[in-house]
Structures are given as structure tokens and as C-alpha cells.
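Per-chain residue numbering starts at 1, and chain names A, B, C, D, E and F are given in the order in which the chains are listed.
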């Protein structure tokens, strides 16, 4: 095949791929002045948030207590700018192909939501402090809070979740999900931003953990790797499409422990202080303070 | 220990590590003019392919329908160039240490394979459109096709698989496997490029999914996180080495659903419309339309 | 809300976030001249180590046998420099907030440890050669040693583990854990650097594998994806904190195979040549040469 | 001096440097949503313009005549986007500290000016083609048009000037000057964007050439390195400030040649076909077709 | 020639180039823990200093008057860190090959000098404000202070000079010269860091300006492009080497103007309010308020 | 103007700019597999060459005498690879639009020329050592050889020239000129690669120096800034095009000194030990040991 043929094949493929029917539903039409949700920018946003929440651990900075405020100030301002832009990207994206360009209202909403998020950072830091404490207390191999903050993937996943959850409560579309998926890719822990999770939440090792959108988790709960809090099934509407928004994931009350690879499905309740053993499939309520395990293996 | 000692230790280690017997089998001898398979370049290739297949979602571009063709044109040409080089890298790599430098035939083969791949892009887009549709229809938490394309790790893993599978069918060595491993690392979903997979394929959450090389999957199949389609065991040849190329992974017929952490092993068939419950270990055929679940847990 | 309001919200949040009580335990006070543990630098360290151990496969170099020594020399020297700095970062980090700046002793220790690590590289290469061999022999889909070194995530995870384990034996704090967590993020395989693992170690697919800190693994052991070698529970001290350093993870003797998603918990022993089936929960000793599997699923 | 002292000195310097009187006139107050003129972005703009005007020479692209349009299309669209933003930056910058944020009118003006500039690109290419021809014909050391386009600093300086001049004619503030200063830094040739320059303009070597804002240069003019077309003096207003906008630089008619390091000052006219020798200081009209040189050196 | 030959030629060249006699005097022996003077780091240092001195113009920041202090704080701290390191590099470099590794005293000196430099920043800003004013008042083409700060190469060259001069006064070796050479490369203006220069210093266009090490320049002096303040000759010692440190460059008193390409050589004095015309060669004192120009050109 | 209009203007401009007559002579048609001359790669080549010639000064390396050979080895190999590619780019570029793709002969020639260049590196280092010595001896402000190598722009310009001159002697087209233009841009010193220059060559300050293609310079020559060694005029052929290859630049014999901004034009000879004063225009032979200066300025 000669170079000419290659060019021919190429231009023909380009022609086909540019026909509008061929990209129906798979094309995002850019609107003038509209920012795009950007994985790279959202990475920077998470890095900035972490550097504000855990000063000195992230962002390669050389802060001491006297110059700390300068750093937090600069990082917070930058976070506000980047977040405003990405929230705007989310709002425009949700607008769909019918609307043309970002409206002034969308711009104002984006800045307002970003400012509200900034004002929630002190609260977020308090929450995350309890998660760090829980991870440290729950792991005989942990040497210090610092090691937990630096190394533990669960802290990364829970930070992203708590940030995304705040944004979702503020009404930000799309962006929260991208943020939790970033942690999913980094840690293998998949927490839906709409889930509700209490204080002192711990996940050990974490790979394969799934926490569905309508899950409710109390305080002092601990999950091991591979645990699923999923939906058993979901009702379809008359067109056979799943009905959105129905509670369909489990409720875990305070002090519950779930061991590795356990699968808990449906809107059931695991009562307070209960323990769920590993590798089991649970689709019915688990009473408080009870303990369930797998049927014994056969040899 | 003085700096001199350090230099001494260092030069001694370098001497040992440079003795040919010490790197036997672990050394890739570079041949003149031969490109190396490069994770970075393959990343760019995948990013380009995604930007062509889902225009406006990837590649940070600001396309609209009038300028779309320019973008697809430039990206397709760049994809052709990078892919030719990486296919050549794969062909040379396979050639082993006996052959010296890439032959003209290898160069021509690489360009020809890359051109054929380009001509398959419209087909790939059609296939992937069905996967996006399946993911959207199967998840009550999904708001739009756009969100699915942007956020869902399964779409990334399935895109890489479908790209890699085309390359494998064209006879490209090594590169397809690297491409699926990239998705494996990003998503925790490990699909062997040689597996055969039908339309409307959905994977929910996905971390821990393994789909072996000789698996055959029909249309409208859905897998949850942690599902394994694996080999039970494999026959060894007289030297005790595994015999290559024997069918050893399951067949899943149309409309099968497999819940999280189920392990299905060996060349068995899960019949059409069957459902496999979570956390179970399946090594025998599952009849069509049947449903199997784990023995009840004990308290 | 006007821009002025945004600035007001921002400066108020910065004030709150800069109050010392708000970052109690979450702040790493930088000490003068102290390097920080850096994920980016540790990435470079691993990349350098891989390029030395498997010459020609990593580091995009174009080595041939005559110029190999130049490359190994430069990479080894750079590895020594970066590693000295990161070990120092680990030593200072462990020192805590009471010590002020890195001491001369810490600097000397860091260089000494780095030099000792360099001198162990030939030994590490020998060990890893057995792991590559085991992966190749255990997978009918593998075409060559090269493909295994290039593509298999388990080789990446085991390399990081073996490097981290050497550093831990030399007394380096923190850094070994960060190195294994990097592989955890990349591959979904979580091996604690303190675990002891023999020759010819193989992990297939790997996502979700967890190997705890006090695990002991013999030669020729093979694990599949999702396998946990974990702790069943751990004794608490009088303050309710877990007691550190007690053996609490399984021992796997030579030639053991554990199938996907099996969970083995506590200081139990799986005897030589035993096979543990997938998706089961094992908390008692498994006799040598035995085979245990899940109770049959119900339909 | 202890680290504490350093922190003290630092915070004190920060305090002083943050007092508003200390940065009077030296501070650019950022307004919300306003882009900043960016040297980096303007570099990209010039690189894009060059890649459109001289296809295949810039932008590292691999264009051939069949795919050329894709490349020109993508580059032109990107140029439009970046240029709109930078023109807006210029408009806002000029607005000064009194105006708050970019107005909608400024945004619209910026896009309109950028679009008009785009429509002038074919004209610019025609002009620059004559400059390339002049450089080639005037230099016995030149081997091809390609070498001239690739290597000759004068082509870079003249390209930037012609681009900047178009923008200035469209009413863009600030940006044109930054663009010519970029070429000044790269080539040592300082052409004010307001100067008027005819076809077939050549500058040989070029370092040290200065062409002032009100200079008028005919067709087929050639300047050597170090030539100044400057102002002799300029009238001051009653406050002693220079009066802006008065013609104060020379007029060079068609076919003039000026040799190296000649200085021509004031609103004088060098008549057509005249030659000005090197190292002389000219402050009076030079008649057409005449030739002036330096008084002979003494030994 | 075969690839083998290439390798042979290469290894032979490497052998020759590694013989110690071949790099006599051209080799900088690295000492343990010693930082190297780094053009890239010094670039960052200049960029940081500019962003502190002219807030909002450099460093791509989005400062407003309420958050300004955060930015100045972070940039000042970073400047201190980078500068300490580079000063140390200069001190060690000067130490020569005889000394082994940076001493504690050198480290302390470096930090002390960097801190003193930081404390001089407010003074430097005041000085530079007069230079900006002079450039604005002296150029009818200038529209605003902002344009001068943003675009005028002379401001860049004079900033680097004033920074370098402060460092030189503090006793920092090597680094000041690298800093002025950076401006030399960027602007074509070569000011030796040891020169003494008063307030309101202006250079127009600037390419080719040279200001020698022992020059003394008063207030309100203006130089045009190509002006040299050089040495006429310099006395040699008995070995024929130039004697260092003798005043050998001109003194320019207040309000002197020197036009383009004038060359003023030797320890002569150009008296206050004098004007030196372009393209002349001056080696004798010029009386105050006088005006000298080139002998008329001949036709 | 609406966004639609912008798109319309844009697509129309793209159409015009893509018409083949519009880019006649300004288009470089890419041929398959042909590398492009790349400023970025040539920058790396120069950086590598400098790091080999002056070990420890360039390339940010931390070499000491024991590990020096590793560094020189790796850098030399990389230089060979990059240079082969760029020489090939030069050969193909010269081939023009008639030839299609790089030939095997061109590839072999490129590698052979690169290898020959490598073998000349020891010679180049010897030559450059004399230039460093000359710069040090000629400048009372120089403190050490190291300072000269690190800071002096002339050393950069002369290094590039000597490298480019070697390549030109080997028959490499285009690339030598790009290399000297890189130094021209960086330093303002423009030395044509075809000029012949002896040992101990010194240029002080350097901005504005021009040395034409057929210049011949002896040993121990020193030029100051702004000196031109140019052509006075050049004979045209019957078509009015300059005749190429005729000697037209000056000859400077041993020990000549030329002061700043002197212009020496035509194939004249400046005899040994002669001195040429600044700011003069020389078009006739200068006898050995003579001294010429400018006619005295008038007041």
C-alpha cells in the first residue's frame, strides 16, 4: 500500500466520522465562552483543597506556623478561581445542547457556589480529622497521624467524597461525580457523592469498595476492601427505564464493621454494633449487635 | 562512611549490574532505528482515539459542528502516525533479539495495520454507542449520555478493550495488551484483548472485574464489580509448561447478569437470560433463564 | 453576591483555617533544610530502579550491551542521590515536631542507608528474575519474558514491594509504605512492605489483593485477584488502642495457590501444596496438600 | 542568625511590601473575570500564526497537501480563541483601575477584532511572501526559500511586526507592542508596530535595528544590522511631558539601502534609490539616488 | 558503516573525552550536597522578585488589594528559599576544587545574605519606580506605567541589574553576573552588576548597550541603543595578565544623554547635562552641558 | 457579530489559506517518515554537546571524576541519536519537494556524519579550551575559568559556531545555520558557520557582532560588541541574482583587535597585530601592526 493510499483511507475515515448521524449522542457541541469540565483542573482543585485541609502535607510547600496564612490565602484564592470555572462548566454541561453559551446567571451561580464551598472548608477539616483519627486507631501498623494522611488511600478517597458531597449539596452538577471517580481510579474505592456518611469513617485497604448513591452510614463505621453497599434491583418505569431517585442502597448504623468482599444489597438496615463477615451476600436486615458469617467451606 | 566509600559502593554495584549473566532474560537489547513501545505514546493514542470517537468530550477541544471535521482530520492523522510507530515497536519487539533492526517489511506492515485500524473507527464508534446506551439505561444514578461518557470508568475500560481487540485482530503483537493494562490500572477492570464481547456491554463500578483471554460474551450482558471470568486450570505440556491457546474461560450468552464478586471459572456456559448472584464460585454450566445465589450466611 | 462579598468570604475562611487549634494534628510543620517526602520524586526513584533492574524496558533508553554500563552508571548515581534525600525526608518526618531541622547524623544515616540499598540491587534483580519466570510459566496467555516485564501489573507491584522491603530492613521509616501504596494505586495490589515473601511469587490479575504486615509467604506461591491475607482481629491495650507488632496475618507455605476473592484471616497456616478455592472465608489452619472450596451455590 | 530571625525579617519585608503606598503605580489590580496579557499565550499565538502562514515549517506538523486544510482549520480556530482572549486582556488593561471587570461590549469587541484579524491572514501571507523573496535574493549565502523561512531572524521579526501592525490598525491596545517586543528579544530587531513598511522588506543579520513608531518605509528597502530609524528630539508640553503622536521618525523611499550601524534621526526623508553607508549619523534629508558615507578614518 | 562501527566510534570518543588531561580546567567537580548554580532556578528567582516588586504584572497571579499580602508572602518565602540555595551554590563554586562539600558556615552565610536581600526589597521597589517613571516620561510612544512595566526591555534589564547589584554588595559571588547575563540574553543590554547607577535611569530600545564594571552613572541619565561605556585598555601585571579592580570605565554625571551607538571608553568623565551624539568614539572628558557629535558624513 | 458569523469568517479564511496557489513557495510538503528540523531537538543537541565538552557545567549533573565516564557515555550516545535524526532532517529538507521520503542512503549518510562528528568532539574540546583561556586572560572582571564557561555569552556563541562549522565541513546542510542562529538569538552574536576562525578567539560583550560566511580569522583575535565583518557588495549574475560562493568578507590575521561597532567590509585584509578603533567603517586593507581610529568628533 502506498502513502497515497494511506492518505486516501485517512480522508475517507475522516469524512465518515464527520457525518452528523455518526456521532449522534456522542458529541459535545462546544458553546462560545463555555469552559469544559477538565480532569486536569479538577486534579489541581483536589490538590489545592488537600493542601489547605492538611497544611504541610500536600503541595510541596515549606510552611511553618508564621507563614502558614500566606499559603492558605494563596491556595484558597486559587481554589476559588478554579472551582468557579469548573462549577460553571458543570452548569453549562447540564444545560445541554439547547442553550447557547453560559448565561450571566450561570456565571453568578458558579461564583456563589464556589464561595459557599470555601466557607465550608473549616467544617470539612473537622470532619476529616475524625476520619484520620479512626484510621490511626484502627490500624496496628500505623505509626502516626502523619503517616495516615500521607499514605492511606482511604483518606484520599474519603477527602474526595466529602468535598464532592458538599458540592452536590450546593447543587453543583456533574463535577462531584468526576471528583469521586478520580479517587475511584486512584484508590479503587468508589463512593457515590450523594451517599451520607457520618464521623470517624474508616476503610481499610479499600480496593473494590462500592458505596451506592442512596447509602446512609452512621458514625464509627469501618469497611474492609471489596465491600459493596449496592442496589438489589430497581423498579423500571413504563418505558422500561430505571426510575431515578428511589432509596435503594443499605443503611449502616453506628459502629458497624463489614469485612472484606461482603456484598450488602438493597434498602436494608445493618443495626448498630453489628458485624458482617467477609465474602457474604446480604440482602436482608441485620439486627443490631449481631454477627453474621459465611457458611463453612468444604474440603 | 565517607563520600569516597559511597562512590566505591556505587561503582561496584554498577559493575555487578553490568555483567551480562546478571541481566540474562531481563534485558531488552535495543536495535538501531527501532522504536520502543511507550506507555506515554500509547496514552496519547488512546486520548486521540477517544477524542475522535466522542468528539467534544476528550482532548480539551472546543469543537462545534462546523469546525468538527478539522479536528477529526488532524487527530486522525496524528493517530495514524503514532499508531504506525507503536505497531512497528510491537512487531520489532516480537522479533526478539535475533533480528537486527526493523525491516522494511515491518515498517510497511505497521503502516498498513494502522491504516486498516483507522478505517475501522466508524465501526468502533457504532459499537461504543451501544455500550454508552447500556450504561445509561442500567444506572438510575446516570443523568445523561454525556455524564456516562465523561465519568464512567467502564466506558474507558470498554473503549480500550474494543480498540485493543481490533488491533489484535489485525495481528498487532504486544500493543493490545499494553492498552488494556492501561485501562486496568486506571479502572481496576482487566479485560484481555482477545476476549469476544457483543453489543450493549455494561460493567457497573467495575473494580476487580477480570475477563480472560478466551471468554465469549453475548449482547446485553451486565457485570458488576469484582466479577471474574477465569480459567479453572490449564493443561500442561510434557515440560510442565501451560499449553497456550486452549479455550479455558466461560461463555456468557445474551442478557446475562452477574452480580458483584462472583467467580465463574472454566469453559462453561452461562445460558441466555440467566442471573448469577454475588460472591459465588461457579464452575459448572448455568442453564438459560436460571438464577443462582450463595448459600445463606449463618449468624 | 458581589465580588467584594467573595473576597470577604474568602478572607474569613482563610482566617479560620489559619487558627492553630483548627489544624491540630493535621499540620506538618516544616523544619529548615528538611526535604519533604515527595510522591513525584519517589516515582522517579522507582522508575530509575526499574530501569536498572530490567535494562532496556524502562526509562525510554536505547541501550545496547556495549553502552549499557554508561546507562546503569548514570541511573545508579541518580538513584543514590534521590534516595538519600527521600530517606532523609523519612527520618526527619519520623523525628516529629520536637526536633528542629535535620541533624548531621540523620544526613549521614540517610546516605549510608541509600548506599547499602544500592549494594543490594544485584540481589534484588536475582529475586525479581524468579518472579518474572513464575508469571511467565503460570500464564498460558504470556508470549515472552519481555511481555511479562512490560505489561504485567503484578511485576510492578512485586518490584515495588521488594524495593520497599529492603528499605524497611535497613530501618528506613515511612518511605517503604509510600512506595507500596504507589503500586497499590497503580495496580490495585496492596502488599505491606513488612511482609516476608519467598522466590517465584506470582499474582494473577491482582486487583484487590491485600497482603498484611506480618504475613509470611513461602516459595512458588500464587495468588489470584481479590485475595486477602488479613488480620482477624487485634488485641487492644488498656487505652483501647491496638497493640502494635503482634503477628496477626497468615503464613502460606511453599507452593500454595489461593483463588480469586478468597479471604484468609488471622495467624493461621496454609500448609505446603494446599489449594484454597475462590470466594471463601478462611480463619482456621489449612492442612498441607489439602484443597478447600465454597459450599455449593443454590439455585 | 537563627531561622526565627529569618522568619521575622521575611514577615517584616512582606508587611512593608504590602502597604499600599509602597506599590503606588506599580500594581496591577486584577478585576474579576479579566484575562491577563500573557507572554506565554502570545508566544502560542505567534507560533500558530506562523504555522498557518508558512504551513509545514512551524508547529512540528506533518502536513501534506491533502490534509493541510485540517491543520489550517484547527490552528485557525485555536488562534481565534487565544487571540480573542488576549485582545480582551489588552482592552481591559487599557481600561485602567477605574473600570470593574470586562464589559460585554469589550468581550464582543475582542471577538470581532480577532475575527477581522483572521480574515486578514491571506493578505498577510502575500505580504510576507515578498519579504521572503527579498531576503533570498539579497543574500548570496541563502540556499532556498525554506532556509530563509526556517533560519532567518529577520523573517521572524518582520512576521511579528506585520501581525502586530494589523492588530494595531484594528484598534487593539498593548498586545501589538508585546508582540514586537517578543521578536525584539528573540532577534534584537525592534520594530514599532505603528511603523508603516512596504513590500519586499529585508533586514540582514538585524541585531540592533530600531524602527521608530512614525517611520515610513517604502518597497524594496534593505537595512543592515544596527541601523536606527529614530527620533532626534521631541517637543514637550507645558508640563514638560513629551507630546504624543507627532511624526518624528524618518521616511525611507523605495529601494533605499542602509548599511550597518547607521543612525538616521528625525522626520527627514531618504530619497528613493539612495544608499546610506555604515556607522554614520544622519539628521538631514538624503537626496534620491545619492550615496553618503563616513569621513575617512585616521591612522 | 555498520551499527557496530558506530558503537565503536562512540565508545572510543567516550574514552578520550573521559581522560582527565583532556578536561583540565573545563571540568566542574561536583562536591557532595553542593547545589549547582542553575539558570532555571535563577529564572524563577527573577520571576518571583518581579512579581513581588510589580504586583499583578508578573507571575500570572490574580491579586487584588485584599489578597495581595498572601501572594507577596508566599512569593517572598519561596524567593528566600531559592535564593539561599543559589547563593550557597555561588559560595561553593567560588571555593574551588580544593574544598570538599559546603561548610556549615557557607550554609549560614547563604541564608543570612538571602535574608538581607529580602529586607532590601522595599528599597529596590522605590528605586525601580523612578526608572519606570523615567521611561514613561522619556517616550512619547508610552501610554501608561503599566505598558512600560509589561513591555519595555530596559525595565527588565535594569531590574536584573538592581537585583544583582544588591547581591554583589552583600558579597555574593558568581550569581550576580549570571543574573545580569540573563537580562543581556533577553534584551541585548549588558550591565555589569558592579556598576553604580543612580535614580531615574532610562535606556531606550537598548540592544547593544554595554555598561562596564567600574562605570559610575548619576541620576536622570538616558542611554540609547548600542551605547558602550567601556574600558580603553587595561594595565597588565608582570605575567601579562590584566590587573583586576582598577577603575577603567567612564563616569556619567547627572542628566547626561548618550545617543545610539556612541562608544565612550576609559576612566573619563561626561559632565552633568552633557549630550553625546550617536556613532561617535569618545576617549576624553566631555565638559558639563556640552554637546558633541560626529563629523559630518561625506557624499 | 454573532458566533455564527465568526465561524463563517473562520471557515472562509481557512478555505482561502488552503488554496495551493496561496502558499506557493511557503509550504513545506511533509514526506513520509521524514524527520523535521526541530529547534527544540537542536537545543537539546547543543545542551548535550556542552555537557560533554565542559563536564559538570551543563546538564545539571552531579558528576565527579569517578562517575564522569558514565555521564559522558550516556550523553554521547544520546547526542549521536538526536544528531543522526536532525542531520537526516537536513538532508531530506535539501532534497526538496521532488524526492519522496528519506532514502536508505540518506539514513546511512546521516548516521555516518553523526559518528564522524562524535569522533571530532575531543578536538573541539581542545579548541574551545583556548577560547576560554583567551576570554579569561582578556577580561580583568573575570574571576575564574568556571565563571567564563558559565556566564560568558561569547563562549556560548563560539561553541555553537565551532560545532556548526564541523557539521558544515562534514557536508551537513541547513542544520549548521540553525545552530548558529540559535546562538545569535541567545547572545546577539551572528557567526556564519562557514567562517574560518583560529585558536584563542575572544569576543567581549558581543551583542551585534556579525561574522560573514567567507571571513577568515587568525589566532588570538579579539572582537568587541557590534563589530561587523561583512560584504561590501556582491556581483550579480545575468538574472540579477547574487552569485553564490565568491569570497567577499574580510581576512583578519593573527592578534588583531577590533573595537566596538567597527564595520569592516569586503575581501580586505587586516594585517597581523593591527588595531581597529570603534565606530569606524573600513573598506580598505589595514597594514600589519597599524592602528586606525575615527576622525575626532566635533563639539
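Rule of thumb we're sticking to: contacts are C-beta pairs under 8 Å (C-beta built on N, C-alpha and C of every residue); 3 or more make two chains touch, one makes a residue touch a chain.
Composition by chain, UniProt nomenclature: A, B, C, D, E, F = Serine acetyltransferase.
Quick caveat, the model's predicted, so the values are computed rather than measured.
Any chain bridging chain B and chain E, meaning touching each of them, is among A, C, D, F; the list is complete.
Distance from chain D peaks, on a Cα-centroid basis, for C. Looking for a copy of the A-E interface in D-E, A-D or C-F, one arrives at C-F, which has over half of the same contact pairs by residue number. Contact tally for D-E versus B-F: the pair with more C-beta pairs in contact is D-E.
When every chain is reduced to the mean of its CA atoms, the largest separation from chain E belongs to B. In summary, the pair chain B and chain D forms a contact in which both copies contribute largely the same residue numbers, shared numbers making up over half of all those used. For the pair chain A and chain C, the distance between mean C-alpha positions equals 25 Å.
Work out the mean CA point of chain A and of chain F, and you get 56 Å between them.
Among the residues of chain C, those touching two or more other chains are numbered 10-11, 14, 62, 64, 67, 69-70, 72-73, 77, 188, 207-208, 226, 261, 277, 279-280, 293-295.
By the touch criterion stated above, chain F contacts chain E in their complex at residues 52-57, 60-65, 68-69, 72-73, 76-77, 80, 108, 111-112, 115-116, 118-119, 121-122, 125-126, 128-129, 132-133, 137-141, 143-147, 149-153, 186-188, 205, 207-208, 224-226, 259-261, 277-280, 293-299.
On the side of chain D, the complex with chain A involves touching residues 7, 10-11, 14, 33, 64, 66-67, 70, 107. Chain contact summary for the complex, chain F toward chain D: residues 1, 5-6, 9-18, 20, 22-30, 36-38, 93-94, 96, 173-174, 177-178, 181, 184-185, 188, 190, 192, 194, 207-208, 210, 212-213, 226, 228, 230-231, 234, 240-246, 248, 261-263, 265, 277, 279-282, 290-295. Residues 62, 67, 69-74, 77, 81 of chain F touch chain C in their complex.
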